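Could you have a look at this structure, given as structure tokens, before my questions?
Read from first to last, the chains carry the letters A, B, C, D, E and F; within each, the first residue is number 1.
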Amino acid sequence: MRILIINPNTTASMTAKAAAAARTVANPATEILARTSRSGPASIEGHYDGAVALPGLLAEIRDGEAAGADAAIIACFDDTGLEAARALARIPVVGLCESAVATAAMLAQRFTVVTTLERSRVLIENLVRHYGMGDRARVRAANIPVLELEDKASDALAKLRREIELALNQDGAEAIVLGCAGMADLARALQADYDVPVIDGVSAAVKQAEALVSQGLMTSKRGAYASPLSKPYSGFMSALAPTPA
Amino acid sequence: MRILIINPNTTASMTAKAAAAARTVANPATEILARTSRSGPASIEGHYDGAVALPGLLAEIRDGEAAGADAAIIACFDDTGLEAARALARIPVVGLCESAVATAAMLAQRFTVVTTLERSRVLIENLVRHYGMGDRARVRAANIPVLELEDKASDALAKLRREIELALNQDGAEAIVLGCAGMADLARALQADYDVPVIDGVSAAVKQAEALVSQGLMTSKRGAYASPLSKPYSGFMSALAPTPA
Amino acid sequence: MRILIINPNTTASMTAKAAAAARTVANPATEILARTSRSGPASIEGHYDGAVALPGLLAEIRDGEAAGADAAIIACFDDTGLEAARALARIPVVGLCESAVATAAMLAQRFTVVTTLERSRVLIENLVRHYGMGDRARVRAANIPVLELEDKASDALAKLRREIELALNQDGAEAIVLGCAGMADLARALQADYDVPVIDGVSAAVKQAEALVSQGLMTSKRGAYASPLSKPYSGFMSALAPTPA
Amino acid sequence: MRILIINPNTTASMTAKAAAAARTVANPATEILARTSRSGPASIEGHYDGAVALPGLLAEIRDGEAAGADAAIIACFDDTGLEAARALARIPVVGLCESAVATAAMLAQRFTVVTTLERSRVLIENLVRHYGMGDRARVRAANIPVLELEDKASDALAKLRREIELALNQDGAEAIVLGCAGMADLARALQADYDVPVIDGVSAAVKQAEALVSQGLMTSKRGAYASPLSKPYSGFMSALAPTPA
Amino acid sequence: MRILIINPNTTASMTAKAAAAARTVANPATEILARTSRSGPASIEGHYDGAVALPGLLAEIRDGEAAGADAAIIACFDDTGLEAARALARIPVVGLCESAVATAAMLAQRFTVVTTLERSRVLIENLVRHYGMGDRARVRAANIPVLELEDKASDALAKLRREIELALNQDGAEAIVLGCAGMADLARALQADYDVPVIDGVSAAVKQAEALVSQGLMTSKRGAYASPLSKPYSGFMSALAPTPA
Amino acid sequence: MRILIINPNTTASMTAKAAAAARTVANPATEILARTSRSGPASIEGHYDGAVALPGLLAEIRDGEAAGADAAIIACFDDTGLEAARALARIPVVGLCESAVATAAMLAQRFTVVTTLERSRVLIENLVRHYGMGDRARVRAANIPVLELEDKASDALAKLRREIELALNQDGAEAIVLGCAGMADLARALQADYDVPVIDGVSAAVKQAEALVSQGLMTSKRGAYASPLSKPYSGFMSALAPTPA
């Protein structure tokens, strides 16, 4: 089984970190293919970065499926482009936020997602509600720029710990979800420290992708995720025109 | 007051139709500037088309604001890129679906949106729920490809009428929302025929844009719509990198 | 275009303030007609005042429509009698709360309504949920009796500022809605001070009323807002009996 | 214990029917006092009738509490004026819809309210959602004008039966709520015929009123139902001015 | 009328306290029959205790109905086994939480349930949402083990008072619901002290049971509460096999 | 990795069918241990059967964890006892319904669960809402007694197909979830026939269990799923008393 992990931002160190996290939990027979988007922002912080990341992301989805991937993961906690990718692909495509909250919901009745910036907090809160978990999950921002997570000398970890402690002590959180792909390396240590489940979205997504492939399940092509209709695409997006079926 | 209407698909006849509808309802002192996206799909039918339309749309938003527009309208009923555009711009940006359902809600307790294809129906149903109208509005698809609305010889109008009649007779609809920018020219005649409010999203959005500008209101720059942070943008998206504040 | 603003309480200074706010944002071609209710409470604070204000309000709606108004505004943030007025009138009738939250929702993902008293806070919270914004908006009470807003020597403004600051700092509010018609004169200054959108319900309602009229839209007469059926009305309410169609 | 039943419309035969239904289920020690409103519409069909019925209703609430009633029932299924009456009174005030749906929810997971006209259907559907039962209850209209229920020669009963049968066969209803005070005499026979619980709102409200009084519970005077503040009331509503506490 | 109160835990002093509370509010003609479960945990604190209490509880429901009870009350605020009991019995079965929140909702717009332990808080919060009151009610835990309520020397009452005060001052609670059957003796004194409605679930449930019986209403046997189908039951549960109809 | 599948009814052929389905999708390194409950009903149809199945189920959870299972699956689509089992165990416990709807949500925006009897339909509809999927999933009953699924000569498959076709043609379903553990052998053939994802709960649950174990995640012991407190358990349930920690 070959699972494609696409980092929709262009920072290769984040791709490497996600790939490492993925390999830690993947089945022995699963091959993890990691790709960094070739166009777009260096990090995805809010709606605008997420929108501009889409063409690069969708090109990787298309190319990865053509090259034989069995499933794809969009390695950004905002689930950027998830619905468009599902419309494009027949293989299962999974997102980090959707996977992580589904996972947390099997271990705890109440949990808190800790993400980076306030702008992402609102976006993720909307996502969590869309996934039906608005009554069970809160979202907190630790005020950490994404790329600060790549810098070992920053105080990002201290900020993250502070929010986790507030979640446990004030929200009644029973589990913690790490709300950024760039936190994938921190989950196990935090879980050991706080003695509650700490869920990393990359790991959760890998297992969901394996799960879907093992069951022989593909993205539905009826309704919302029906394949794109063949039509003219103009300008610098013409490279992304859907191929006639 | 200058209001920019951006057609995020590349079909100029749809832009012209939207501009005409806009001018019919605009205040005398309002100048309507209509732009057709220079890159992307010829019509937006579902999540994939919508995603690929984003760079072209966002470039128009950026250029339009720089050129002095007072507000912008995204002339696609899917509200494609609305959140990203709001993050990018300081001027108000309004969507057709959001404007139309807010308008319908002031005239009727229950209403039905009639859109084109099933794939758009689900997408719009999700939007309508996100806008808080899930309990008051239904969404129906008339099984009309978008570009068929540009073809006077098609049976698109007959299909649309059939769904409106089902909405009135089976859903208990008290008003009808036309769920595609390409239907903007049909609202007045349908309203006259069925004697219920028939809301066109383009017209509704023009009035919302004027309303926001008249009140001296701008998009909030706190939280979800905070301005994009300055950072490297790579590849064919580098042209969309946010300018340092 | 003639827009009737009805102050459903009997305090003429509040009518004047609302009319002034209305004229500031109205189109040049719009004539603002302001009426003070001739019967009812001096201010509307809670459900009981609101109920007793209805006959006076509905008489003004009826008379205003008969006299040729194109739309009516109920100038109380509780949207007192909005549904009854819509059933009575064919012209559009808009409320302050409904207009203001629809407006805020186009500028911000999360916002806070600041109103006067705790009793109004709960009432408005229920309204905001009914309008579908329960997940996006909070409501705070500043503990200001309504008529204190008419007294320049009171500390009402200081109390209001304190709640706005709590909304911005604790609720994550991205915009502020002023939750009383008597605050209409304060919006612009507060917006300048806090650098976030500050929405006044009177202004928002004027623009919604103009928007509906410009689009040629009338209140639906199917379902919830069907015209009152002709029937005997007794006692001191007989003056409000609907006229046979 | 003295329970006041107020018919907020002016049709005495409906008051008599409600009083008879009330006495059938009341405890032996409960005295049922029935009052017909002295001002307002002959029947309450939709929002406008309901609004105009308020002054007459509130006068009866005030007078009834002053005369020593222990609880009051508003005998209209629309729960007209329920919140205003609770703000006015210290004694418990109960509504028919709220009581009936709370009762049905203890006997069935899914149930259907059958009411009179489409305009009432939407109003009651909104009420049912406000009471938190939107996921469990449907509302159907049988197309019966209210006063037709007073006419034994009408086909109202046949229309009502047809909707009950649709509710049982198509909605999966496990119980039926009769959605008009004028149907109070029909519940027992319909229950016998269909072998499902059939709930009459008048009966349900009497038992809720008795329940609240037996427990020594009064309406909360904090927050939403705080007593009206003393202030000037003008015009023909001055008779309803709250007395200084 | 004979009403059976079943304490689903095995602590007889709690049964006695519930029976005493019941008799205080019951009608003169109502006979209160109190039963302590013969198998299960000494107190019900969380999901596991609740599950293990079911067979003992259901045996009492079956035996009580066979012995002629007219209605049954499950005297645990978690409404343990309420749905199974309703499926088993034809007589009405009522729960404490469901009864108490329906009662509170008739006296207040916002209220707070104060329960014992955090594990019960989450469980009751889910129940309250299932009953449709998620927007109106909060749940607080006072950190009191259930059996500590039986010990007059404990500081349980002080802890409970502290949470009530937080509810009134921070939640905007307009009424208080005591969230444990073991608090039934405290309601009247707390109500007097805090001058807000304080609802005890046992009392509320007695009145609901009486209400249902007086109206001649039985549990629906269509859909969710249809009688158990006859089938083999094995092992130590064979005693609970449903009898063929 | 050892995954325990517990059939909470006492029909061994259903256990065998579930175990076979599980082994089809399990990883090579996963050992599937299947257990049939030793006490309880022969099939679980509705709330009463589900409640009586709990002691047998919980005994297997306890024994399985003690014997070294890494995760447990409750092989009934009603997720009978899921919350109690999670409170009892430290290992992850997963349910069929929760796993299946989480899986379907990654492949489709709208889907339909097809279950056996009407009584189960309502129960599962409530579950689906509790899992946050009330807006995306419908539930249909095919009117098939559970044990009929074990009888190859029955017309159960034809009934099931009929409901699937209604789901696809009338509900707009994009995927189908089989809502009974006894349908586990049918998923692949139905998926091939209808060309939409068809999800079997047993398979979905196996992959979720593996996913949780691979990630090193255990059930949270804070809040709702905190370990049972040590206390006396009486009567025939004393065997299920929690052991002191």
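Please note the rule applied: a residue touches a chain if its C-beta (ideal position, glycine included) is under 8 Å from a C-beta of that chain, and two chains touch if they have at least 3 such contacts.
Source: prediction; values computed, not measured.
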item: Common touching chains of chain E and chain D; value: C, F
item: Farthest chain (mean CA position) relative to chain F; value: C
item: Whole-Å gap between the CA centroids of chain D and chain F; value: 43
item: CA centroid of chain B to CA centroid of chain E, Å; value: 51
item: Residues of chain B whose C-beta touches two or more other chains; value: 86, 109-110, 118, 121-122, 126, 134-135, 172, 174, 222-225
item: Complete list of chain pairs which touch one another; value: A-B, A-C, A-E, A-F, B-C, B-D, B-F, C-D, C-E, D-E, D-F, E-F
item: Contacting residues of chain A [partner chain B, same complex]; value: 10, 37-43, 45-56, 58, 81, 83-84, 86-88, 118-119, 121-123, 126, 130, 145, 147, 222-226, 228-229, 231-238, 240-242
item: Chain A residues within the chain E interface of the complex; value: 109-110, 135, 172, 174
item: Touching residues on chain E, where the partner in the complex is chain A; value: 118, 121-122, 126, 129, 134
item: Of chain B, residues touching chain C in the complex; value: 25, 27-29, 86, 92, 94, 98-99, 102-103, 105-110, 131-136, 168, 172-175, 188, 191, 195-197, 199-200, 203-204, 207-208, 210-212, 214-225
